[in-house]
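After the structure tokens below, expect a handful of questions from me.
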């Protein structure tokens, strides 16, 4: 019996622990703390944070407990991540809750969503320069797209061994948008620019809203077919929402379906960060590049808005360029907040939603392009 | 770089397009239009229509984008169609929202739901005559059952290569019930018959409603065991509904669960209609036979009702025979409408629900019989 | 054609029936009756009962109808049982609906949840004595944990061939808690003891409630890593609930997600009880041992409470020890009822919830321990 | 027995396949005959009919069986209902003793709405909690009134039930 | 055509792989050049831009096309709206003939709430059933009033619709 | 380290299997002994107990730790609450300056119901949209009143919050 006790003790976490697990458990707790106490993207940080706890309990192999062991429950649930199934389902829900009105009212603002994707490609170059392979570099670059599901989808397709660090980096920086963006926004704009008021958008008819997802899908996917899984579901969800007659499907897509996918994606992505495979120099580089990517994307959006102002009659507030990174709707909220600090009566939120949602489309296209150029 | 651009261009839809894809994209848009603007079964036509767009974007092979490529997201979601998993889940939801009271009040009306299935077998013969194999002919025949999930289930089991055209035909005709049925109904009935008023149904006790799904399931599946997956789930869902104490499960079955299954079934069935595999003479034949099937089923229901009137003391309005095809509840609604055109105070809807829901049971049995007789 | 009719007749249940199927169909109806008419755990008994009907329709092999045939719909849905996927999902939902306040207010009551697990190990010994293999005995023992999903999970991992009888035994006895427990409770306590009033619990802060699932998870899984799938999901669900900012995820976890998992688990576990494989002497032994297990667990909880009273200043009502078996919340309700029979103003329900929910944690740990000690 | 069946089925299928193997090349009646189409159709529709006919027969009998089964209970119920009527009247008297103010009636209505969102058997703390977050004023005293008026009654299992009839009468 | 493409793609990929195979060991500009990084980035961002630019162009035109398409309907609508206004006035008159009591207004409001939980087109029995389980008093006569006042109107398909404008006016 | 463990575990399992291999044929105490049943049971229940005992110890300490941790904040909160009370009083004064008519109170109540369906932090357009589709009359002016009365307050992030206390006071 002593032998059995000893044997059991050798299978407990108290015997098997390793400093890297402890570090990751603490990181997980920090994620949970930031999500709950600071209200930074709690729907993502709390599941990922708890997933980190689950993935970093020191377990013995062979029983089928760990996420990387076949037949473990976590492995089955993780299948939706590694095969890129959850992201399109999440995009279906996002489509069913997104209102593209402001974009339709002023389509020119869509360019800002494209401009911010420059961050993606600059980071791609940076990752190459730091010695990553082409496919890895592409997956790292997409962190700058500021779109968790897109990043996970592309990484699952191009560099599945990096899902953990890239997903964590993408979601961390999305959560930290209110911290990362404001200083860059202030640095690159003058007070006068930040005070610019936007024109009231025109009213958009229901018919336009219904036709938009169809046109957007066909056009963008003719151009970049590899954006199909993400854009297809995004536009499908949006059509379900706008069609009204399919309201019940849209409701399910934007409640149970997206919630289930979010829970399972979050907890398994978190659990994939096992300390021994996660804490590497590659992860550190990815985190540095990710932060860079976010900053560059923000700057590109802002500067492009300033360039557009050289040509536009009615000037736009360059702050809304920063919302082009997507990170819906946090990024648009940050734009609004920075704008209101200069002039509390300036209501930028609605206007910032246009580049914000076009940033989602933009990074889905960027992901498609990178996928098709990089896949073996 | 020029080479890269050219290469990328060769991967875009603008290079890869084919007239058949364009035709199918237009068909998809027509489906969406009919669903939204005409309100014909929007919960089915909109997902299938958008699925057609998704399936007919010209994509290059090898990346894992198309529904017929292994490892593509669409392929995983399509698994529930090819293995016949979604239809029973949808039947669970249908069971949880169907009220069999009118059927219980006047069980003799159940015969009308059986009579309409003659359309299934006549079409089966027609399909054989047009040169289809036995298993294909059976799958085509079930279109006349006017029950999308049943048709998909049987086709998945007997002739999986025909899922696309059969599903599209079944759902199109179900949507077109208000167009197809009225002329046949007028042709085969006299004004006097259409004016017949139905007896008020007796009140049905809760106990009867609870016992019904149990008895119906055991009896029908003892007779036709192959109807088990569909009838089992239908009756199970209905029991959850009628039991009251299991209300929360019934609610989930008739909301999130059925909605998720409907979304995924719709979009993948739509996406399975890739122009190059879909636009064949077989598809054309299937569409012709499907229309025929619907017409014949309607006529059989009507005529059988007239025959029943020869034996019944209190005559029934033969129009309700047309509701025996199922297509719940559109077909019952059409009966009501046609009846009200003759006499606006004649309320046939409730009475038409009896053959309508028994048509669902009838076509599930027919599918079971055909499956067991035709499977290799 | 006569041949075809005969052939079909030979495939019907009327030809293929066997007395064992009929017995199981009757058992299924009794389950449904108990669930609906007696309101004994209807959310479990009704799906399992109807599943028994589904599983005991006499079907012919080869078509892919039965739950044990590859490619049958039931087989796919049963996958979540055999691989132990549904139980953790159900635990996620349970976590998202459980309030651990009373436990936090008086953590010493947690010991009662541990004490009741003695029933698990005593039954394990009993099962060994009756000739079961070690792994089978462990799975049988866990019936005393009074936790359906835990029992199914452990059995799926250790003795998948016994899933049917163990699941049915576990759920039957959970449903019969109001019948099994009261006599034991009266036998082992004096009237004076049953009249003891519990101290009002202190107020618990939100912060404690948020920290609890994190601490409980890390601590228990460091000690018993194999409890990870169940405890991980339980605590994760509870964190989603308590964090408030993740309310929408908690709502989905405790509604659609748990309902879907419950429906599919119930109906497939029921369907796995095919008469010919279910009605064996092993099943009878399992039922006897299961009843024993429940009784012993109840007694252990009660007696341990009496022992604790020897050391505690403010005595506890030993009745609440019986709630340590879990069977949430029926067992706590029974405690309350028995207490009120002696003194209608004694409100024990809230106090009984503490051992009740700690019983869930306790049996999850017990399952983990048995799994890791017994797995090959 | 199942073995014999299997053999039969196998034979039948081989037989079918022989016919079918050429089916793709045949058309019209020939094809139907080759695939055994007439027989299958007749067998098929017969089974559909026998299924629904037998079901409709069983149901029409079920109705009568249940009626018989319920009859004695009806007789019992007749006496019971008299008793319960008396009880009701007593309850009615009790209720009359508490005359509700306009605002109390309002509160009762609000509680009734809340109760509808709960299970039939609910716990008092749950109801109170809901009342508090719904902003019903003075939830504790109001609940007290509900208990006194027997609008909320114990189910003797530690849970409580909302009596619709009583509450309807009270707010009239 | 697809075959040719496939060959091209294959060639391009082999070409890429040659470069990439050594990529892991290179750093800085060398690595970028080796992986064809500049070209990929330029192609990439160009495609993102062309996608969103063309989409924004199409949308800005769509707006005008739809406006043109809707114009005739607007003209028609102009006449229609006049007619419907007249109809409205007539309806208004009819409504005035039925003066609602305070409690009837209350009932209409309750029905309005129920109707909002239904599909746009709902069946009468469904509404009645809901009314009964919600405890609205005298649901049948009330429904009758609703039908007379045309608050509930047939959609001529056997289903009924709730007319918000009419009901709002009625309870004002 | 893990390697050593693996070997150990392997050995232990082989050992167990040796015993177990004959387990199916044994009964009673013999079978228990053969399967190492006593040891497993004692180890098992010990671990369950040590798990729950240590958890209960940690929790009982957690309570105290948190209390200490929260103490300073309580002190701070003491001052803060005084301040916020003053602010409340000021708000109270402001609110009194706007006397609501009966129908305005009704509208505030309806908005309160809508607000409860929203997230804590909601956007004004969302609330307005809801108000419009719910048929609240004059949603814009009403919203204006809500803003003036500080029933709806900016969270300084572009979103707004519903102040329950203020609204309760206003409709009293």
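Labels for the chains are A, B, C, D, E and F, by order of writing; each one numbers its residues from 1.
We take it that a contact is a pair of C-beta atoms (placed from the backbone, for glycine too) under 8 Å apart; a residue touches a chain by one contact, two chains touch by 3 or more.
Just so it is clear, the model here is predicted, and its values are computed rather than measured.
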Out of A-F and A-B, which chain pair has the most contact pairs?
-> A-B
Taking each chain's centre as the mean of its CA atoms, the one lying farthest from the centre of chain E is chain C
If chain centres are mean C-alpha positions, then the most distant from chain A is chain D
Measuring from the mean C-alpha position of chain B to the mean C-alpha position of chain F, what distance in angstrom results?
-> 45
Taking each chain's centre as the mean of its CA atoms, how far is chain D from chain E in angstrom?
-> 34
Please report how many Å separate the Cα centroid of chain B from that of chain D, as a whole number.
-> 26
Shared-contact residues (touching 2 or more other chains) in chain F = 36, 38, 40, 43, 47
What residues in chain C touch two or more of the other chains?
-> 4, 8, 11, 16, 60, 62, 223-224, 255-256, 369, 373
Touch list for chain A against partner chain C, complex | 4, 8, 11-14, 16-17, 25, 29, 32, 35-36, 39, 42-43, 46-47, 50, 53-54, 57-60, 62-65, 71-74, 76-77, 255-256, 259-260, 262-263, 267
List of chain D residues in touch with chain C within their complex = 1-2, 5-6, 8-9, 12, 36, 38-40, 42-43, 46-47, 123, 125, 156-159
Which positions of chain B touch chain D when the two form their complex?
-> 103-104, 107-108, 110-111, 113-114, 117-118, 120-122, 124-125, 128-134, 137, 205, 207-208, 211-212, 215-216, 219-220, 223-224, 358, 361-362, 365-366, 369-370, 373-374, 376
Of all residues in chain C, which touch chain A in the complex?
-> 83-85, 88, 92, 157, 210, 214, 217-218, 221-226, 228-229, 232, 235-236, 239-240, 243-246, 248-249, 251-253, 255-257, 369, 371-373, 375
In the complex, the residues of chain D that touch chain B are 13, 16-17, 20, 23-29, 31-32, 35-38, 40-41, 43-45, 47-60, 62-63, 66, 70
